[in-house]
Amino acid sequence: MIPRYTPPSFAALWSPERRFQVWLEVELAACEAMEAAGLVPSGTAGRIREKKLVLDVARIDEIERTTKHDVIAFLTHVEELAGADARWLHRGMTSSDVLDTSLAILLRDATDELVLRTDDLLEALAKRAREHAKTPMIGRSHGIHAEPVTFGLALAGHHAEMRRGRARLRAAREAVAVGKIAGAVGTYAHLSPEIEAKALGALGLRAETVSTQIVPRDRHAELFCAMALVAAGIERLATNVRHWQRSEVGEAEEAFTVGQKGSSAMPHKRNPILSENLCGLARIVRAAAIPALENVALWHERDISHSSVERMMAPDATSTLAFMLVRSKSLVEGLVVYPARLAENMARANELYFSEAVLLALVESGMARQEAYVLVQRNAMRAWQGDGRFSDNLGADADVSKRIPRAKLEELFDVEHALRHVPGIVERALA
Amino acid sequence: MIPRYTPPSFAALWSPERRFQVWLEVELAACEAMEAAGLVPSGTAGRIREKKLVLDVARIDEIERTTKHDVIAFLTHVEELAGADARWLHRGMTSSDVLDTSLAILLRDATDELVLRTDDLLEALAKRAREHAKTPMIGRSHGIHAEPVTFGLALAGHHAEMRRGRARLRAAREAVAVGKIAGAVGTYAHLSPEIEAKALGALGLRAETVSTQIVPRDRHAELFCAMALVAAGIERLATNVRHWQRSEVGEAEEAFTVGQKGSSAMPHKRNPILSENLCGLARIVRAAAIPALENVALWHERDISHSSVERMMAPDATSTLAFMLVRSKSLVEGLVVYPARLAENMARANELYFSEAVLLALVESGMARQEAYVLVQRNAMRAWQGDGRFSDNLGADADVSKRIPRAKLEELFDVEHALRHVPGIVERALA
Amino acid sequence: MIPRYTPPSFAALWSPERRFQVWLEVELAACEAMEAAGLVPSGTAGRIREKKLVLDVARIDEIERTTKHDVIAFLTHVEELAGADARWLHRGMTSSDVLDTSLAILLRDATDELVLRTDDLLEALAKRAREHAKTPMIGRSHGIHAEPVTFGLALAGHHAEMRRGRARLRAAREAVAVGKIAGAVGTYAHLSPEIEAKALGALGLRAETVSTQIVPRDRHAELFCAMALVAAGIERLATNVRHWQRSEVGEAEEAFTVGQKGSSAMPHKRNPILSENLCGLARIVRAAAIPALENVALWHERDISHSSVERMMAPDATSTLAFMLVRSKSLVEGLVVYPARLAENMARANELYFSEAVLLALVESGMARQEAYVLVQRNAMRAWQGDGRFSDNLGADADVSKRIPRAKLEELFDVEHALRHVPGIVERALA
Amino acid sequence: MIPRYTPPSFAALWSPERRFQVWLEVELAACEAMEAAGLVPSGTAGRIREKKLVLDVARIDEIERTTKHDVIAFLTHVEELAGADARWLHRGMTSSDVLDTSLAILLRDATDELVLRTDDLLEALAKRAREHAKTPMIGRSHGIHAEPVTFGLALAGHHAEMRRGRARLRAAREAVAVGKIAGAVGTYAHLSPEIEAKALGALGLRAETVSTQIVPRDRHAELFCAMALVAAGIERLATNVRHWQRSEVGEAEEAFTVGQKGSSAMPHKRNPILSENLCGLARIVRAAAIPALENVALWHERDISHSSVERMMAPDATSTLAFMLVRSKSLVEGLVVYPARLAENMARANELYFSEAVLLALVESGMARQEAYVLVQRNAMRAWQGDGRFSDNLGADADVSKRIPRAKLEELFDVEHALRHVPGIVERALA
């Protein structure tokens, strides 16, 4: 989580202030549930709430240097501030009841923020996809000109993928919105499932089915995988922008702001640096999936090896992905599309993308498919080497013209017809 | 996919014979949909079906050595076998229509098989969890004795995690059960969404929302992540078995078959080799998630870099996970549990797991939590160093006994009470 | 290790026949060392060698199904074939003495083969780099035209990287060429360091400094990392070929063989499928680094979790990398370079790559750098938008011409001068 | 890089202040080399040095917000501070000349610091290994008692592995201590190899063989792999400490400081939290290897996707590993070893670790190995199940006693003899 790639709301979300505040909320929710169960004197939590404690991070850190235990340091500090009532806090609980329930709240909130940013990106993609639903572009497989698509279709494809990503984030959000107030090894030795349900309900969480000392880490790993999948979708989008912008293609370009400089040496350069940056950040979010998965196999009722991974990677991965989503949205919104260049590149394909239509017409005329293939390829290869237009070559090839009359041949060379289904696909995606 | 770790049904699923058979099914389903749409002469597919073609893998390979294109080699061979009707196959389609739709079928079927094996494992876990729902075991956090749990509770936790894994497999199954018959760059230039829907419906698949030349690879990556999560759950189970079996613990042991030898040098050894093997295999399945995620960001309307990854890792990861599930099931079924050793280990904890109960009783008596903590710790530390039983030490400590009378103290030291909620948790998990 | 991506010599290297043959070699070498030390009757190994045992893999597998222990099965079979002398084999040894020493031999031999193939690739790169040392190509950063390089310079860069890769393979080869004949837990309880040194020396290996039951796995992980680095270097080369070949660039192209077909639908296509394939395979080799690193932290004197990872990944990663090296070599050898297209693309850069030369000339004339930057950028931007040649624009800009006379300006626009150091760099790399 | 896991010297090393300071050093070294070559007026760099510029990070950030280019922002600020002389800085250079050369300096310095910390850890390991060279410990394979080793032998094994890690760091240090002052695309268009060599020499670096716009990223990836290998070695050490400390084993324990608290609920707990933490941190360092390897295949003469990865992961991975090394050293130094418990655990093995000695004696007496194996196993199994001492069982077994007389049997049961080679191994490792 470095400032450059951290949205402010994520800096706040993962700050120590917010963390300790959430810990206190969890302790108070648990306390109130225990009051209802008669384990703690009624009104305890309410009195502490009224004091509107302002927790002092530096003081907690100071205590931790002695105790080497963060939750004990926190509780000691709360006792300093809240006095005698505080002794009822944490009754029958273990540190992980606080830590894991708090982590659930923070990850749930972070994921909610990610979903909101995904919505923004989806909106931007939908707008630009509709705008260019009928803007022809040469489709490319293997980087080689294939058949025509539209610029909007490409964006609609990214929209559909991002929507799947959103669904994965939503599912993972449910997976991690699970807390645990079940005591040292998850047996409710001094608590009860009812207390847990009440406390977690108040915090907007569900209870773990079977907790150990902690909430099992497959839940968190699922979230990291979901984030890696969203990041991979952004990587695909950004990779395409980089291709569209490269000098020889020039079909679309990142917005270039006034005063921006592309190179310290070459003043003319306008580089797709936002997209390149997104590709790099995708690597970071992807890499976090591995330690998250390695965190699952903890020993017995838990070991604490997962903790350091989460301290670093939960803030890093969520913030970085949030930054990616915001940057992707402005990338899409600002993308400058060059229809003239799109047309020019398509023209360079020299009609070869109609080869399949010709192939099919030959087959329909009764020719075997592989024979027709050879016939089309020989005319296509000449055109591809710059020797004549493809349609002219075909018209001049007796083996072809005896099967496809010139008028019929011209009908086959119709881009609009080839793209007739595209607006429907785009609308199907955005619906 | 090496024989040692490949269940027979997965060897069959990923054999070239099966692959080409599925290709043919896809071509025929598409042909029938085109017949219905009037693009292909009625009865074409039916006539080919009647010939009950037996595809010759070696012959297809031979043709591919010339064409360097597998689908063209396949079609050429089908034309050799089926004659003139075959020229209508693949009409308006691109190779990926066949390849990706077939991959969807194979991955769907593989995932269904994985789900079935997960069910078997769940059944075994449920049975053993119920069997040992009340068998006390010392719970351990950080590898250190904590408070009591039961052996069944630990298994119920694995059951709950595996059930979440099953749900992820089911979700991923839906994600990959998506085909594409939309032509070269996904525009239906010579086809239609209706033809695609009809053909895929017959194959038990849904249509991609927006395909490029291919089905987007985030779908496949989701499956690989889901498999990695299931593997991680098995890794946790296997890690626990290894801990339970280690010489000093000895609480449970893998079944040891007649004739099995533990070591070429040390005849007495009975090693948890199944569990160790499962831990290694989990690394393999986990590692596959990274290339699967790297496969997402293909160029433009597709590049073919994903193909080699899938050729190796789709069979490898699915087969390995299937093997893991089968092995885990028999591991759980055969697990020999030693209640006497469980009791012995718990006794070694010298009642220290009741420290929290004492702490709470002191707090309830009006003592501040941190003060009580110090009091308990000083008696616990002595007991931990072998200096007296914990309950005796407490009884002899005036600072304690003036607040907790001996009778009350004894009440606190009740394992059955501490575990009163456990059977309920187990049933909640298995319900 | 699937046939498609496995060179024949690697199929042989990793066959069960070869594995058991190497096991036998290790046992015999150890036996001879023990004969020299007087622990085993002299001549034992020699008599077994004379029998030229032909090991029966199926028989060993059959025995293993009962013993569930591969080395014991192997030894039992050797005893079947060699009779009474065989009882002296494996004396005081543990399975891992055989397994790890054999693995060292196989990995050493595999790495030697990799180095040889790297040499072939280096030779191909050197040849083509020299051939095109002076063929101008527009250099590109961020995919955007920058300043001129030469095609040979790009290849020389790949050569230099591959040479570093070779050095890493050589270092890793030394790291893994280490065996261990030290008994059950590495203490030589029934052996001696002298016996180990003699046996390993005969096998061309060194002895582990401190073995546990096994050779520590950091050695193997180093090799996997080295292979991932070589694969990444190939990925960079292949990525560049894919860029060079894409329709709009067209500067170089993979050799296209007679009969090869690019697409089942579009007969004109010539796709960079070798390079795309190499990119996918690089993902596979890279992914193997993670489980190899996870294999390091085995428990106590060893656990066997590493074994399944190595069974699958040692053959897979070495074979796949060997295949990549061979394919890369033929890719480079067959690469068709199009100097006319190179020149055409450079012309499209509209001289903008001389912007820095102009910038420096302005600075030398006394102008502040940032001021000069603005001046150059305004003329460059016009040229970049197709409004005039860059040199003409500059000549017509009074702020420029008053500082750089026309004659001097023309001197700045000299590609040959800009590339004057390139042949020297190329030779420096290939030396 | 979070404060909790960042040693102060690494916080300083990766601070923006230090980064800009190094940039300035690189610019000045290059300027001086250009002065010597006559490209820049003599004395320029010297005059700037005399001004002892204090760079203002906030001001540079402010300028970057407009230029969106960090090096241009830096140069603009230097020009603000140093005046007219500054226009000679960066002459003929590109941003990456500064950035990559500076990164080389920072990574070199970071690696030097890592090597120093590795030396400290090696020293601690050596000291404790010698201290316990003869302290017997039951060796364990698969977590199961095997044959005796010594505690010092285990530490010596970690020492040997860490020494290999040190060598890898040293090699990677050489790999990354390579800069580049070769201009926009590495052609020295406005510079020369001589200038580069002189400037880099002054900075303690070597020149890249063939640079593109940047130093190729395989060099950096090698360093990340080397760090992952060292981290994996620490993970193995920490895993062993966790095993030694677990309640049932209790052979060694992390130092527990006064005031430290093990659990908020269970006052008696002393958990191996340092070691668990080290295991988690190893996951973080390992995970960084993947994006570092993905960074290698940049497009053409470079793209900037690597930059964000390095911004986050270079500080993170180096600092985290430094923290791990420091923590490992104090872990080893403070490790409390319990010889009594070591002896007690060995006693629980009930002499079974002598089974191999018996096996060998039977073979020497003329029995076939597999027959002897069965004989030993039947006596071992009884002993293992608590039915008699192993030596007594053997003595009472007629099939044994007729081949091994009682006196000879007793000779075989000698721990000191079994460990006779161990001190030699330890010294061999530490030499």
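All chains are identified by letter, namely A, B, C and D, in their written order; residue positions are counted from 1 within each chain.
Quick note on the criterion: a contact is a pair of C-beta atoms (placed from the backbone, for glycine too) under 8 Å apart; a residue touches a chain by one contact, two chains touch by 3 or more.
If you're wondering where the values come from, they're calculated on a predicted model, not measured in any experiment.
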| item | value |
| --- | --- |
| Interface copy of A-B among B-D, C-D or A-C, judged by whether over half of the contact pairs recur | C-D |
| C-D or B-C - the one linked by more C-beta pairs in contact | C-D |
| Distance from the mean Cα position of chain C to that of chain B, given in whole angstrom | 32 |
| Averaged-CA centre spacing for the pair chain D and chain C, given as whole angstrom | 24 |
| Two or more partner chains touched - positions in chain A | 75, 90, 92, 140-143, 146-147, 183-184, 242-243, 261-263, 265-266, 271, 273, 276, 279, 286, 290, 294, 299, 303-304, 356 |
| Chain D residues within the chain B interface of the complex | 138, 140-147, 242-243, 245-249, 261-263, 265-273, 276, 290, 294, 345, 348-349, 352-353, 355-356, 359, 373-374, 376-377, 380-381, 383-384, 390 |
| Chain D to chain A touching residues, read off their complex | 1-2, 4-5, 66-69, 71-72, 75, 90, 93-95, 183-184, 242, 257, 259-266, 271, 273, 276-277, 279-281, 283-284, 286-288, 290-291, 294-295, 299, 303-309, 311-313, 316, 320 |
| Contact set on chain C toward chain D in their complex | 72, 75-76, 79, 84, 86-92, 139-143, 146-149, 153-154, 156-157, 159-161, 163-165, 168, 171, 175, 183-190, 192-193, 209-213, 216, 218-219, 221-222, 225-226, 228-229, 232-233, 235-236, 238-240, 243, 279, 282, 286, 289-290, 293-294, 296-304, 356-357, 360, 363, 367-370, 418-419, 421-422, 424-426, 428-429 |
